[in-house]
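Report on one structure; see the data block that follows.
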Amino acid sequence: MINYNPKDWFTFIFRLHKADTFNKLWPLMLSVAIFSAIISFLELHVFKLSKSDYVSNIGMMHSLLGFVISMLLVFRTNTSYDRWWDGRKLLGGLTNVSRNFAMKIKALQLPEEETRFFEYGIPKYAFALKEHLREKKYFGKNSFLIEVKKDKHIPNQVATSMISKLYELTAKGLISQEQLIVLTQDVNQFTDICGGCERIKNTPIPFSYSVFIKKFIFIYVLTIPIGWVFSLGYYLVLIVPFILYVLASLELIAEEIEDPFGEDANDLPVDTICNNIEKHVEEILGK
Amino acid sequence: MINYNPKDWFTFIFRLHKADTFNKLWPLMLSVAIFSAIISFLELHVFKLSKSDYVSNIGMMHSLLGFVISMLLVFRTNTSYDRWWDGRKLLGGLTNVSRNFAMKIKALQLPEEETRFFEYGIPKYAFALKEHLREKKYFGKNSFLIEVKKDKHIPNQVATSMISKLYELTAKGLISQEQLIVLTQDVNQFTDICGGCERIKNTPIPFSYSVFIKKFIFIYVLTIPIGWVFSLGYYLVLIVPFILYVLASLELIAEEIEDPFGEDANDLPVDTICNNIEKHVEEILGK
Amino acid sequence: MINYNPKDWFTFIFRLHKADTFNKLWPLMLSVAIFSAIISFLELHVFKLSKSDYVSNIGMMHSLLGFVISMLLVFRTNTSYDRWWDGRKLLGGLTNVSRNFAMKIKALQLPEEETRFFEYGIPKYAFALKEHLREKKYFGKNSFLIEVKKDKHIPNQVATSMISKLYELTAKGLISQEQLIVLTQDVNQFTDICGGCERIKNTPIPFSYSVFIKKFIFIYVLTIPIGWVFSLGYYLVLIVPFILYVLASLELIAEEIEDPFGEDANDLPVDTICNNIEKHVEEILGK
Amino acid sequence: MINYNPKDWFTFIFRLHKADTFNKLWPLMLSVAIFSAIISFLELHVFKLSKSDYVSNIGMMHSLLGFVISMLLVFRTNTSYDRWWDGRKLLGGLTNVSRNFAMKIKALQLPEEETRFFEYGIPKYAFALKEHLREKKYFGKNSFLIEVKKDKHIPNQVATSMISKLYELTAKGLISQEQLIVLTQDVNQFTDICGGCERIKNTPIPFSYSVFIKKFIFIYVLTIPIGWVFSLGYYLVLIVPFILYVLASLELIAEEIEDPFGEDANDLPVDTICNNIEKHVEEILGK
Amino acid sequence: MINYNPKDWFTFIFRLHKADTFNKLWPLMLSVAIFSAIISFLELHVFKLSKSDYVSNIGMMHSLLGFVISMLLVFRTNTSYDRWWDGRKLLGGLTNVSRNFAMKIKALQLPEEETRFFEYGIPKYAFALKEHLREKKYFGKNSFLIEVKKDKHIPNQVATSMISKLYELTAKGLISQEQLIVLTQDVNQFTDICGGCERIKNTPIPFSYSVFIKKFIFIYVLTIPIGWVFSLGYYLVLIVPFILYVLASLELIAEEIEDPFGEDANDLPVDTICNNIEKHVEEILGK
């Protein structure tokens, strides 16, 4: 994720940031500019059509469908943003659960080696989840405390280790039944957060919407020059690419933030969050 | 559900996917094209109406109602998408509850045969729910561990079996009262998820909206050629079907994703989720 | 509630269903048609106004306010739908709580007569709630198990009976303290659901919105013919009623689904839900 | 709150209810009518401007900003309605918690005098909260059971009394530890509801939006006659006030329902809810 | 936060409050006014373009994109407001948890010195969180009761102190196991609230949206005079800055309330809330 000062308008407007959709769209915008130029040339100079021809009123369709396309893009923007924010909440929840769990372990005043187990295990869950969401395998540093098998779901293995440890400590009489219940619920929350992130990652918006919006934008933009040439002439070469820029940017940004756990410029600061969890757990449980 | 790369614009725009609404709509679009042609012919050549006739201003109505129809379609899209995503959350919840429940069973270190019971029972619930939502009966593999009766609610029978087993284990002293409470809550969550899915499946949006939106689209599209023929002539044969395509596609996709547990192209990956639950539970509880 | 196949466009468009708002609106539409005809006649033939008169531009106001009226109707539609869906969730919750509660009672393996008490009491709560929401009194079949007084809140009496029974069973040593807590929470959920339904039933949207929207639609539609007559002539007799149909339908459907527990065509299937609860509880607790 | 039948269109449209925003707006509407008349007179007869003057096209700005103003008003309407409904949910929650708490007290079969304490204390909380939200002090009837100090937060004092009583009963052995936990959670819910209501009451929408929307409506409406006079002449005297009525009504209703605990016509039925709580608690705990 | 009477329209409209976006925007508005004047002069008097030139129809683009820009600004407004309100809920939650926690401590009738610990510690958490969110360090008054280290997360240290105290009291036999569970959950809620606030503070809306909206507003407003000059002449000097004021105000207010814990005019009343917590806790736990 990019940290920025939202109040710095000047650089936003004039500098071209690498996350700017313009970087991705300019080849398409150029093609559309050329296309518009060709259409204009053909209609104005080859076929010599005029404002009284039927073709000049095709813009009526664009006005009528203008509402639909903008509402559809807002629908797309809203749902993508909701996933992104939902993902942020889940990662925030991970921080909270990790801290709360560590505080309780601290308060139990377990023997030194057991405390070390959790000081190691809690951040390990966060890192394992991060790599799991990026489809990488993670085994963690000094992994002798919790051994994970490569071909199984790694966050689950870390969680199972922690639950087993809790039951073992209960059996030893270091944790009471009541405390066990509370601590188990915390570990369950780890798994719930993992499930929530997997859900966001594995479920893009329904295929039909994705296809439909792209087809709609494409046909909409490409038919604009046909009717508008009689009013705007060669200015179309600037205007049509700008319209494309606006409509396609919304779709592009939506696509990017829809899966917020990757390493794109707009994705969530998963690495920072994991490092913070490690730092906080160490502060709480450290000697 | 179709897995796809949302960033691959090219194939989206030019290839005709089987989930594309165009496949379902082309007969209707063709009819509307013919209808537009007939209207145009009648008005232009038979009745010889001209732009100065009142009929040419009927488009004023379409502009005025353009807001309403697009907002209505967005309302439809939002509510359908919310159900679809709600269904996805419920299935994600099923995965989480199954995993958490399995981890707790694992930690209890029950006798081998009792662990087998849950290794069998937890995924069975998921599969029973899947078939229940598709209105099929499911009895499951090696069903001697949990016997279900055909004419009763099958997921409920599986859940009741698991709860009874838990109380039996408590009576035997293998589970404490406190653990029983926690484990019972997990089984209740299975039933809550089942109830949530049944709610989505059995409650389409109110009948009146469904009728009203369809009637509105139908009348709206069919009256467009009447007024627009004087501005657009025979281009209507292309334009009116395109407007129909846009408006009807939104309604069609909404209809499809409204009930997300079926086997349509856009429906949720229920089978994959069930298989994952089976796999994860086996990983956790397996020998 | 009407069960229907949302994909059956043909019957939706051409058949006139009894839940169709057209049935309620046609007298109003007819009046508006006549009104439009009179206005047209007066302006065109009596006062002989022409397009150059100021009055012909009143449509500018309708364009400007067209956004506001459609957004307001969408606001109305959204809030009504949210209540309707909220009500559906509450009834779904009732099903879930009933099932979960029954499963726990089953697992407790209480003496036969105590099990019968709950087999009778759980569905009784659902039926009592249904009649309570429809402002009828309900005493239930074989009501000797739970006696209710006519002039008191009946669902509350059923819930109090069940809680008292649970405490009685605890005193007898048939239920442990821990189980009592869990079971009491379930009964509390019954009361929470009752409160939620009462909230929806007793709180229509603020009076001012209801008045304002109706006044706005009324004035908006009745002033349309004044300005449009110069563009559309006697076609107004068809067009103005259609605009009224669209705007008023949205308000009418919203009114109907706002209170979803009644017996209107679009209301929730309260009876079916109650019968299902009875059936499921019987399946779980029955001999 | 006004109880009304939302289906009674006739009286809504033709009768002027006291909660109608027209009552508050007519002086402003009259001023705007006079202002429009003056502008029209000046432009048409004093400066003798004509349609070909630049000033006649100022309406282009109004069309462009028409979207923005209507979306802003819908944003305002939505947020106010959400608070109002949120407040309703909190009061509904108060009813539920009061009932559930009373049922549990009933089931505990405490000595007569202790039951009286709660029969008195539970509704007292509701009444204290009501007066607290209306910034009045409340000491309640026969207040010797719970004494409150004038200068402290009164609902908090009632809640503290109830919690202290519960701990006292536990110390006496009349309530078990497990029951204490459950009952304490109910009292906490009282405090949570109080906090939720205070939040709604003390936090109007950000000052900047409130200022901006009012300034925007004001400038927008007052500049309409400048450009429209050439199309609409003295009809502006009717049209501009109507536009003001629509836009300002939405802002006015939003202001009124934003703080839903007062005694305005649209505010929530706080008194009825408190009386119902008293009645229900008495039904449950009464002899 | 500014306390104001939302019904006082007069001062809102005519007085220029310091939180008014006009204060921040007037330099930009002035620049745009000058820019518009230059464009008008160039087009009208230097290049002597006329209404029949293609350039005069550039406004078609602004109409088409008018929907998109206003919907985008509403999206921006909604998401910012949601964060602001979410932040308010979290702070309201802090008040509730503090009160509830204090009431329970009160009811435990701990020895005087232990009660003092919590009377000191609960408000300390609130103040520490406030300063933490404003990136200041806070050590609190009479800080010998809870010592905090400068370089570690201060709210976490306060929470850990409270949890440790609770476990210490349990070890001493002053708190039962059951009470410990309940009290620990309250302290966990403190940490959850802290995490929620950190999430809002550290996650502005995705960078791409922020850039895109600003670029879009900038290009949109600056191209308006090019096409509109033929219709509006030098009136543009007033109109274009007004359009800028409307569009940019929405973005500016959104920016300000997006991070609601600062000391801007629209930010939440964090100081008041902290002081209230201190006052209420003192009222409850004070001698």
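When the chains are written out, they are named A, B, C, D and E in that same order, and each has its own residue count from 1.
The rule is simple: contacts are C-beta pairs under 8 Å (C-beta built on N, C-alpha and C of every residue); 3 or more make two chains touch, one makes a residue touch a chain.
Labels paired with UniProt names: A, B, C, D, E = Bestrophin.
These figures come from a predicted structure and were not determined experimentally.
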{"item": "Co-neighbours of subunit D and subunit C - touch as defined", "value": "none"}
{"item": "Minimum number of chain-to-chain touching steps separating subunit A from subunit D", "value": "2"}
{"item": "Type of subunit A:subunit B copy interface by residue overlap (half), same or different", "value": "different"}
{"item": "Subunit A and subunit C, separation of their C-alpha mean positions in angstrom", "value": "37"}
{"item": "Centre-of-Cα separation between subunit C and subunit B, whole angstrom", "value": "23"}
{"item": "Per-residue overlap in subunit A, given as positions that touch at least 2 other chains", "value": "63, 67, 71, 74, 178, 181"}
{"item": "Topology of the chain contact graph, where touching chains are joined (line, ring, star, complete, other)", "value": "ring"}
{"item": "Going round from subunit A, first to subunit E: chain order", "value": "A, E, D, C, B"}
{"item": "In the complex with subunit A, residue positions of subunit E that touch it", "value": "54-55, 57-58, 60-61, 63-65, 67-68, 71-72, 74-75, 79, 152-153, 156-157, 159-160, 163-164, 166-167, 177-178, 180-181, 184-185, 187-188, 191-192, 194-196, 198-199, 202-212, 214-216, 218-219, 255, 258"}
{"item": "Of all residues in subunit C, those that touch subunit B in their complex", "value": "1-2, 4, 6-7, 9, 12-13, 17, 19-21, 59, 62-63, 66-67, 70-71, 73-74, 77-78, 81, 84-85, 88-89, 92-93, 95-96, 99-100, 103-104, 106-109, 176, 178-179, 181-182, 228, 231-235, 239, 242-243, 246-247, 249-250, 253, 256-257, 265-266, 268-269, 280, 283-284"}
